[in-house]
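To start, the structure itself, in structure tokens.
A, B, C and D are the chain letters, set down in written order, and residue numbers restart from 1 in every chain.
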Amino acid sequence: MNLKVNIGGLELKNPVMTASGTFGYGEEFADLMDLNRLGGFLVKGTTLKHREGNSYPRMAETPSGMLNAVGLQNKGVDYFIKEIYPRLQQYDTNVIVNANGSTVEEYVALCEALNDLEHIPAIELNISCPNVKAGGMSFGVDPKMAAKVTKAVREVYHKPLMVKLSPNVTDIAEIAKTVEGEGADSVSLINTLLGMAVDAEKRQPVLSTITGGLSGAAVKPVALRMVWQVAKAVKIPVVGMGGIMNAQDAIEFILAGATAVQVGTGNFIDPTLTIKVLEGIEDYCQRHGFDDVNDIVGLI
Amino acid sequence: MNLKVNIGGLELKNPVMTASGTFGYGEEFADLMDLNRLGGFLVKGTTLKHREGNSYPRMAETPSGMLNAVGLQNKGVDYFIKEIYPRLQQYDTNVIVNANGSTVEEYVALCEALNDLEHIPAIELNISCPNVKAGGMSFGVDPKMAAKVTKAVREVYHKPLMVKLSPNVTDIAEIAKTVEGEGADSVSLINTLLGMAVDAEKRQPVLSTITGGLSGAAVKPVALRMVWQVAKAVKIPVVGMGGIMNAQDAIEFILAGATAVQVGTGNFIDPTLTIKVLEGIEDYCQRHGFDDVNDIVGLI
Amino acid sequence: MKKFLLDLKVVEKQCWNDKYVLLGFSHDEKLPSMFPGQFVEVRVDNAPNTFLRRPISVYNLDVEKNILWLYVQVVGEGTRKMYEYEVGDVVNMLLPLGNQFSVAQTGEKVALVGGGVGVAPMLYYGIKLKEQGIIPHFVLGARSAKDLVTIEDFKKVGEVYVTTEDASLGEKGYVIDHSFLQNGKNDIDRIVTCGPDPMMRAVGKFAKENGILCEASLENHMACGFGVCLCCVTPTTEGHKCVCTDGPVFNVKDLDW
Amino acid sequence: MKKFLLDLKVVEKQCWNDKYVLLGFSHDEKLPSMFPGQFVEVRVDNAPNTFLRRPISVYNLDVEKNILWLYVQVVGEGTRKMYEYEVGDVVNMLLPLGNQFSVAQTGEKVALVGGGVGVAPMLYYGIKLKEQGIIPHFVLGARSAKDLVTIEDFKKVGEVYVTTEDASLGEKGYVIDHSFLQNGKNDIDRIVTCGPDPMMRAVGKFAKENGILCEASLENHMACGFGVCLCCVTPTTEGHKCVCTDGPVFNVKDLDW
């Protein structure tokens, strides 16, 4: 049974990764599962400089989902390189950094720094964070901006470049084609859907930022649709995510055209979910008589 | 306690309506509730000519929601006027027709016919149906097309005109402002989010049309966000919907800026839900010391 | 027919293996009349992933004891929760829904052909036939004997002919192959059927070929169950019809099979 | 501390009125050590609207009987389902989570100030104090006597001082007004507290004003409970800290109160 997949030059031992911002730096899961079994894991959204993120409350539970407004809280790339990166080298899997910025210059400086890290084989360029005022999602909803930032980063980043797309657009396939044209090696989607929660009794928004990003099972139908649309539109591999709560969900993404998947919010509910998804994919291939997971990619 | 609201010239005895396509022609509910208690109800999507709609399967259940791909099955406006309209006159509430077309000309011809119906005090111009190939959503996702169809219909339709917006756009406030500029008296939102379901075991899409429209509790956070964005952007009243499953949900929409609400998929799960929502809104106003429901509109 | 939204109480429960349950529901007031072929929409509100109601056929309506019987096969989360209902639980239902099997004429020879959990609507029709003085001939098929757990109920009402795919009970094979049907082609006046789609199509074809009146009860996926969503359609000679209101029972000659 | 994901079985259940339940959970193997102030994340998987786990404090860990006790107040769907757990039910938990109250020094006079269901983490800390030879002084406040249902548990461990807002038990008013605190200002060496935010802030202020070391256990809303989502932060003198990993217990002098 072959589970290996290739995401635009990045070799994964299997198609199961984790979604940035839902897996910490991986270490938090080490008590409960063997990280080395993953195809890869995405660490927290990282920026050039330290960010405090948004004020509490940052979270609201919604039907079959949740809203978050973390706002990329992190200590900046220098801290990451000094304090965290050394510890991450022990893992025998792909550790991928989710790279964020407010300006093209910030993205470029950050990605230049990340390019030098031997044990970070790829980055995910996040042009779709709905939880930061400047930059973030605004890059991901405008094809011109998406092109500009991808192009600039491509010039300084020489390893596999995955670009993470925003679902808050009229035509996600257009954005995907744009970043493909600028040299992205793969695209990942979806980031969170922009949503809002209201506290009726208090007559105020639940989140400090009023709006936030919706994730979890609720978004799966939208995510599947977008993965299917994008996979038809581009030639580079697609990494699918959004509401994966079990192996069947992951298989649905693969059938819709994803070469690999990321498990996000599901990690909060079951910290061992990735392993179950991995085993479930293998079992599915066996049951259905496929000896290579690549054979079921995009069967729909 | 005043529950009366005015939606761009349309007087409602209270802010509770039903969403088109989820309430049949109202009659199906008459055994279970008193239709006259509603602020109004929206009947099935109607087109100029008879439409068979899409093939079965047209439905997929999803986490806290459902996808549909009905595709505007209806017998056309002539049949409506001859066979159904006479029966609807008995109701002492606003019966509103949801008007659909594939071309501007079709929309215009349909709305001209509807303009003559004395007992239809308003129409909802649906420029956001994701389930028809030609027209439908394509009008709702392109500001130019939205402007064109609204303008053309405005010329022939002389009663309150509500335009129903698509959530499948990058900037819904822009579309809202556009239709406001062309003479819409109110906007209603959201129509369904474009989604997809996959049958992993059969390795095929669940719906005959592959993609369909997502509705139900799952979409509420997105709907609330859009209602809030649109209410800030336009001066005309906003009618909110998307995942209302109880009175609290409806109040959240009103607080976010909706002057009235529509209950959709919730009608399938509890056919008496509208009455519960109505009573819950009244109770909420009482508990919070408001003697006019208009006083809580857009408090957030 | 007038629809009701009622909270019914579980008063009887019979489980066989871990796949089938027969549940009896009652109410303080007299239950509304229901006819063979009709169904109810059950609200399963204690499962995380059952957003919509679940349609279940009337297995029997015991007017004397004021009990509505439902026969449920566990296939997913909703039916699993029904399996777990206990006596005393209260369950919200919308009922009665759908049309009904048409009434047979005195003297007709009637075959009631059910496959799998599709046997459910057959019993009640059989009971009505018996009340009319017509012997119901139940032809019941399933994968295996363990999928035909309520067979004794049928034996009390009429003649029972069984097929199983694994030959664990009755004749081996599909219902349509049963000698009662194959040998009785010329005698049978009416067939009513419910079961998996391929089975019903085979039965419909058999009926057409032999000029037998045949009604099938379809089980299309439903969102509302009472004609307002238009999700449950089946193509017919007159275009798309709703299975929940124009059906679930259709004369097979009107279907696009 | 090493985290575990365990299926625990309900072995004891005590309900008072319809709002509070004390649940005892056990496991075939020895339960991991847990410290006062720590909490568990409970998976409530039989309610339609509890997507995320629910954080609940360790009320007590009975090492001898291998029972973990949780004390739960019903406030919404998740806690309602916990109230409905029956002996024999199996519940998935992630544990132990969070830091802990720091250990008191022999000879200290310690006040454990709990409000509402915030009394939960106080008992276990009290038990540990008692084992150290320190008398725990529990100052427990609630709206009404019916919100202080486990008071006997506290009386077995230490001195108990009560306030209720409606004067149905103990002194009338808020915990902070209790004569034990107001008269004892100068004697108290350490306060630990848990309860509604305004109450803890009042306690924190009181402690600061009187130069008393004070630790508060916060109850911010959580998505993960183990430090990976960054949703539960509280502002501190060193910026945003996660309540689930840097807390739930904070020295109030580090908080941005």
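Heads up, the rule we're going with is that contacts are C-beta pairs under 8 Å (C-beta built on N, C-alpha and C of every residue); 3 or more make two chains touch, one makes a residue touch a chain.
Given the structure is predicted, the values throughout are model-derived calculations rather than measurements.
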Both chain A and chain C are touched by which chains? B, D
If I average the CA coordinates per chain, which chain comes out farthest from chain B? D
Whole-Å gap separating chain A and chain B, where each centre is the average of the chain's CA atoms: 34
Expressed in whole Å, how far the mean CA point of chain B lies from that of chain C is 36
Quick one: chain B and chain D, Cα centre-to-centre, how many Å? 47
Using mean CA coordinates as chain centres, what's the gap between chain C and chain D in Å? 54
For chain B, give me the residues that contact two or more of the other chains. 60, 62-65, 216-217
Touching at least 2 other chains, the residues of chain D are 48, 50
Given the complex with chain C, which residues does chain D contribute to the contact? 45-48, 50
Flag every residue of chain D that touches chain A in the complex, lowest number first. 2-5, 43, 49-53, 94, 220-235, 239-240
Chain B-facing residues of chain A, complex: 60, 62-65, 67, 141, 168-170, 193-198, 200, 203-205, 210-211, 214, 216-222, 224-225, 228, 243, 245, 248, 251-252, 255-256, 284, 288, 296, 299-300
Chain A - residues contacting chain D, complex: 21-24, 28-29, 31-32, 44, 52-53, 55-66, 68, 70, 73, 216-217, 265, 267-272
